[in-house]
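The data blocks that follow each hold one structure.
Common to both upcoming complexes is chain A, partnered first by chain B, then by chain C.
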Partner chain A sequence: MRKTIYQYVYSHNDEILNEWIELMRKEADERAIQTMSDHMFIKTSAEFVELVMSNFSESVEAFHDRAIEFSEKIVRLGWPLTMMTDGLRVFGQIVEDRMKKEGNIDHNSYVEFAAEINNWMFPMYKTITQAYTTSWERTVSLQKIALQELTAPLIPVFDKISVMPLIGTIDTERAKQIMENLLEGVVNHRAEVVLIDITGVPVVDTMVAHHIIQAAEAVRLVGAKCTIVGIRPEIAQTIVNLGINLEDVTTTSTLKKGVEQALTLTSRKIVEVQE
Partner chain B sequence: MNMRIPILKLHDCLLVSIQWELDDQTALQFQEDLLHKIHETSARGVVIDFTSIDFIDSFIAKVLGDVISMSKLMGAKVVITGIQPAVAITLIELGIHLEGVMTALDLEKGLEKLQRELGD
Partner chain C sequence: MMDSSVKIINEWDIVAARQLGRNVAKELGFGIVDQARITTAISELARNIYLYAGQGEIIIEKVENGAKKGMTIISRDAGPGISDLRKVMEDGFSTSGGLGAGLPGVKRLMDEFSIESTLGEGTLIQSVKWLR
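Now for the complex of A and B:
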């Protein structure tokens, strides 16, 4: 029976592919199709069908490797997992319908056919789902690392002066990271003044302010001065309205002013060179 | 065994470098020793260096805070230097801000700062 199915699928490869693409277009998530061109869709679909076909001819390990390779590509293209499981189901459906229509299976051989199809499909479902989720998890963990690296960079701009630009929302986890990077950086770069730039922080609530004040205090303990720069008008309003006390921390509105202040603190200034 | 922390005199300053983790007894002993030394030498400044300390608990932190306030009462300015990032985080989390205490990155800068503060 397996051989019959294989031979059938093999000899009707193109027709099945066309029908599959047709059906998938109808069923698939709009979003998934919109993100890629027609040409790409057909090419990827052909690859998918080829992958399914290869399950007949290749060993389990070889199929597994192929499935992983294909899944990685799919994840990069942004196709959802349902697209792949649906694809398999549709593929089975097409084969069954066509073989029935053309008289390759009748009532008697149907049970055998169904069992064979199941045996063929289930390991494939398993492998594909597994491969897809593995690639997906890897992508997510890579992004997590990238995000962590972007969390809180400390940039030494002048001798003794470093800047930490903060962009995006600050939560407790990130605040911890900021504090660690800040202190490690101060000690490593031997900074005397650190400017924390909060221009890119959309909201400063009591919690964020608390974290920033703590960071500033900790910087003072390791022996440097901390200035908070980039306080926008709306942030100044929220801070005062919330009754947050930033009296003990130096603040300025822009990074430029902050740098000037830092230079004064370290008894230096910028002079224009006379030609 | 009870280890005493050495306190060195340098002109009109006292120099203390804490080289190992303090236990409660040593910390209290240190408090006593430092105050006596200030009295003896009538030092005007004290530098306490923490570079080799990676860990601090709440009791030690409190004792240190006390020592600093006591030294001030006796007319000696205190600069603490070389607090490690981990220690700074612990102190802040314990709510010990050591307000009004001068700090510096290392011993060298600490001494400079003290000289400037003492005004000569």
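Now for the complex of A and C:
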């Protein structure tokens, strides 16, 4: 029976592919279709069907490698996993319908056919789902690492003055890193004044404020001064509404003002050169 | 009327809830300051869910009351509940070592605020910001 299915699928390759594409267009998740061009959709579909076919002719290992390669591509293209599982289901359905219509299976052989098709499909479901989630997990963990790399650098800008620009959301993990980098950097750069720039922090809620206050306090303990710069007007208003007390922390609206203040604190100033 | 919700299960869902709130606020025509107030309020509510209830959801709805337009933020969880509602609405009260400005802060950030909580059953917080 397995041979019959294989031969049927193999000799009707093109028709099955066309029917599959047509059905998937109707049934599939809209996301999958919107994200790619027609040409790309057809090309990827052909590859998917080819992958399913290859399961007949290739060894388990070869199929596994092929599934992983294809899944990685799919993840990059942004096709959802349902596109692949639905795809398999639709594929099986098409083969069944067509073979029934053309008399390749009848009442007597149907049970055998169903068992065979299940045997064929189930390992594929497993391999494809596994390959897809593995690629996906890999992408996520890579992004996490990439995010960590741009977490919170402390940059010395003048002697005794360092700046830490913060961009994006501050979560617990990041708050910890901010604190570590800050204290380590203050000691290493021999900074006397540290400017924490929050221009790029979208929301300052009580937790973010709490972390900033703690960071400023810790900086004070290692003998330096900490100024929060880049407080946008709307952030100033929400801080007041929340009732957060920032009295013990020096703040300025812009990094420029912060730098000027820091220079004054370290008894220096910037002067224009007289020609 | 359109409404949508974000399930809060991990810390990053707080960002998702905030993002949704900001988009709706923008769509309704709230100014930058009110957008900041709304997103900050959502952030506080979502963080409370994450910290104290473990999981729950933030529901964002557009509301209309006569000529007035605005948005409602609902925070719902099936967590342990709050034993003393009066106390959590006091500034500076915190069980987690935080600033204790969360809930009273949300009340000040929004125009309307109501809270219901049953011990062992969960907490429901509804708040509205009207478009001026």
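Everything below uses one rule, namely that the second predicted complex is superposed on the first by the 260 of 275 C-alpha atoms of A that agree within 3 Å, B and C clash if a C-alpha of one lies under 4 Å from a C-alpha of the other, contacts with A are read in each partner's own complex, and residues count from 1 in each chain.
Just so we're on the same page, a residue touches a chain if its C-beta (ideal position, glycine included) is under 8 Å from a C-beta of that chain, and two chains touch if they have at least 3 such contacts.
These numbers come from a predicted model, not from an experiment.
Legend: residue contacts after superposition of the two complexes on their common chain; A:204 is shown touching chain C, with no touch to chain B. Look at A:223: by the touch rule set out above, it reaches chain B but stays clear of chain C. With both structures placed on the common chain, the touch criterion links A:77 to neither chain B nor chain C.
Contact with chain B, but none with chain C, is seen for A:214 once the two complexes are overlaid on the shared chain. In the superposition on chain A, A:169 makes contact with chain C only, not with chain B.
Once the two complexes are laid over each other on the shared chain, residue contacts for A:68 go to neither chain B nor chain C. When the two structures are aligned on the shared chain, A:237 is found in touch with chain C, with no touch to chain B. The residues of chain A lying in touch with chain B in their complex are 179-180, 183-184, 186-187, 190, 192, 214, 217-224.
Residues of chain A touching chain C in their complex: 169, 171-172, 202-207, 209-210, 213, 233-235, 237-238, 241-244. Residues of chain B that touch chain A in their complex: 80-85, 87-89, 91-92, 97-98, 103-106, 109-110. Of all residues in chain C, those touching chain A in their complex are 11-12, 15, 18, 32-33, 35-37, 39-40, 43-44, 47, 91, 98-102, 104-105, 108-109.
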